[in-house]
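Quick one: structure below, then a few questions.
Chain naming follows the written order as A, B, C and D, and within any one chain the residues start at number 1.
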């Protein structure tokens, strides 16, 4: 009986994509809510305001880092969904779990922005990224095993998608290890990795 | 005259699905707003931060429970809409009422997270879930009676959709009854039911 | 030159519908943010919590009223967009102005919920509804005059759409006039009108 | 290897449009969060409330200005996407960067609303608009150079799109220069420019 329901539920890739776009859009915009305008009382001239804004720059960098992270995972999820012929209820639930970790991202970002020097905050942030990567990896594995992928897919694509996730996650893990020298080293390395993934296509091959 | 307008209004299943995806996406992300970063003043070392984060875990569990709830209802509504040939204004309004209860969910969740030991909070939470189920049940009943469902639907599907809602709601109601022993029993049972619905397809049949 | 650009810009009804669904979804969910969980310090037993929740009911009614309002206007805008063959930049801008008044709705609602007995708050709320109706009326007038409407439209439809807006706005205006007896009379009347519009199709004709 | 992945990633214009609509919808609605209802304690009669509301009008004007700004850029981006045959990962990333500056807009607006008389706030606001324009210009340049544009495009269109951005940005830059006389002059000029862009098609040619 449950099986009967499950055979008809969650089959629309379009609706899954629409829910995902909504959650990504909302999470990406929510990140910016943490950028707060300086308090009116503390500002008495242009100079104060300028200082107030420059004091926001570490927070702005955290924000950019998380925006890049979500951008990378949005591209990654999109690439998978574009290659799907159809969805099923299991795959829908894998992606709902993926979206759960997307909605946690503003929290992880705020935590790291507030407690940048603490390794615990960095580990929590990394754990969030790790879960995103692991679930995305699992979703592709399930989709390929279950014959949900389009027939006309180029043979190299499935492996390329998996390799991409493993490589990115390896870089993040290495970045986190750098926190033995200090969390700023980790953050700087992660930002560089992300810029590489965002800009890579522009580099000469 | 009203009838004339009503015959032309609210016919697009796609727009209804798009509004629904938007509202689900926002409600699911809003839930996470309740996860607040520990206060900067209270944290003096890694140990404090670690404790601050573990202190958040009950709230995180509430959040996961509500995320699962909304995920289950999103899948349920999606399954219905996928089987519709077209909508009409009455069905649109039934779904707008359904979406109303979706937007209340972040409130019910925050209430239960704040007052976990109070049965009143649990009942309010359950009432929210009950309304979601009741309206979804009504919407399917109306759609089948009014000939809005696609012709090629498998004969067993309409009954399976209704049975699913009744079974799920029965489980929730039973879970709430467990609050005579304490609200934690209810919450634990409800989480288990939800995990079953999310994971069921993975279990051996 | 400006004309050249304007001839190619803003032609997609789908994108306009998608932006509208997003803004409606968000505004409808934001309304609920005003429902705040009672303060933990003030609650010592089930009885306190029960009273705290019943004290929220006027705010909940305001919220439902605004949710209905936005639902009515969403259906109204959707009906128009469904009948469009294409859009153009002028029509896009008319709808962007319409969406502006949608985004103001959470503010108007919070204002009326906070200052229910003040006519100024009621007038501000009504002004918001009036602007929504006026812009929607203008958008349909422009669409019909400019030949943007689908050819296969039933001849009675254009007039029915306009009549609907005029009738609804007349009811709202009458409701606001009732504030000479007190703002509660106005609010009760407006809620009744809205329920009529949402439920009308269910009544015998 | 990276190249292999990049050849299959980010190709969907529809998903890019959906993410964009979601982020625009959210950012446009978030702007209004800054309109706060007057404090209950400060209001004792209709007169107080009336004054409280008129005191909000500068903030409302800022809000309208930013809503217009986002509306203009939404139309601008939409026009580009509508003319694309397909996307690729580089173009997706250019648009993700564009969306980053969209999500910053509520912050820039709040900053200018709070510190209207400070040139630093005006410059920050303008910088935000400048980045939006520059990235949109770059995205069109890249799309045309890389053959992503539809074949049936009218020959004058590509140049018209670029000219439009340059003209608008020149007007904004001139407006900001007016801040040597005072920031209010700049704001008034920018509002006029935006009204022109929104209303232009209505003016006689």
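As a working rule, a residue touches a chain if its C-beta (ideal position, glycine included) is under 8 Å from a C-beta of that chain, and two chains touch if they have at least 3 such contacts.
Everything numeric in this text was worked out from a predicted model, so none of it was measured.
Rotation angle relating chain A to chain D: 90°, from a CA superposition, given to the nearest 5. Comparing the contact residues of chain C and chain D by number shows a mostly separate set, under half of all numbers used being common to the two copies. With centres set at the average Cα position, the gap from chain B to chain C is 25 Å. Measuring from the averaged C-alpha position of chain B to that of chain D gives a distance of 35 Å. Among the residues of chain C, those touching two or more other chains are numbered 18, 21-22, 25-26.
Residue ranges on chain A touching chain B, taken from their complex, read 1-6, 8-12, 15, 18-19, 21-23, 25-27, 30, 88-90, 92-93, 96, 99-100, 103-104, 106-107, 110-111, 114-115, 118-121, 124. Residues of chain D touching chain C in their complex: 17-18, 21-22, 24-26, 28-29, 31-33, 35, 37, 40, 43, 46, 49-50, 53, 64, 67, 71, 74-76, 78-79, 81-83, 154, 156-157, 160-161, 163-164, 198-202, 205.
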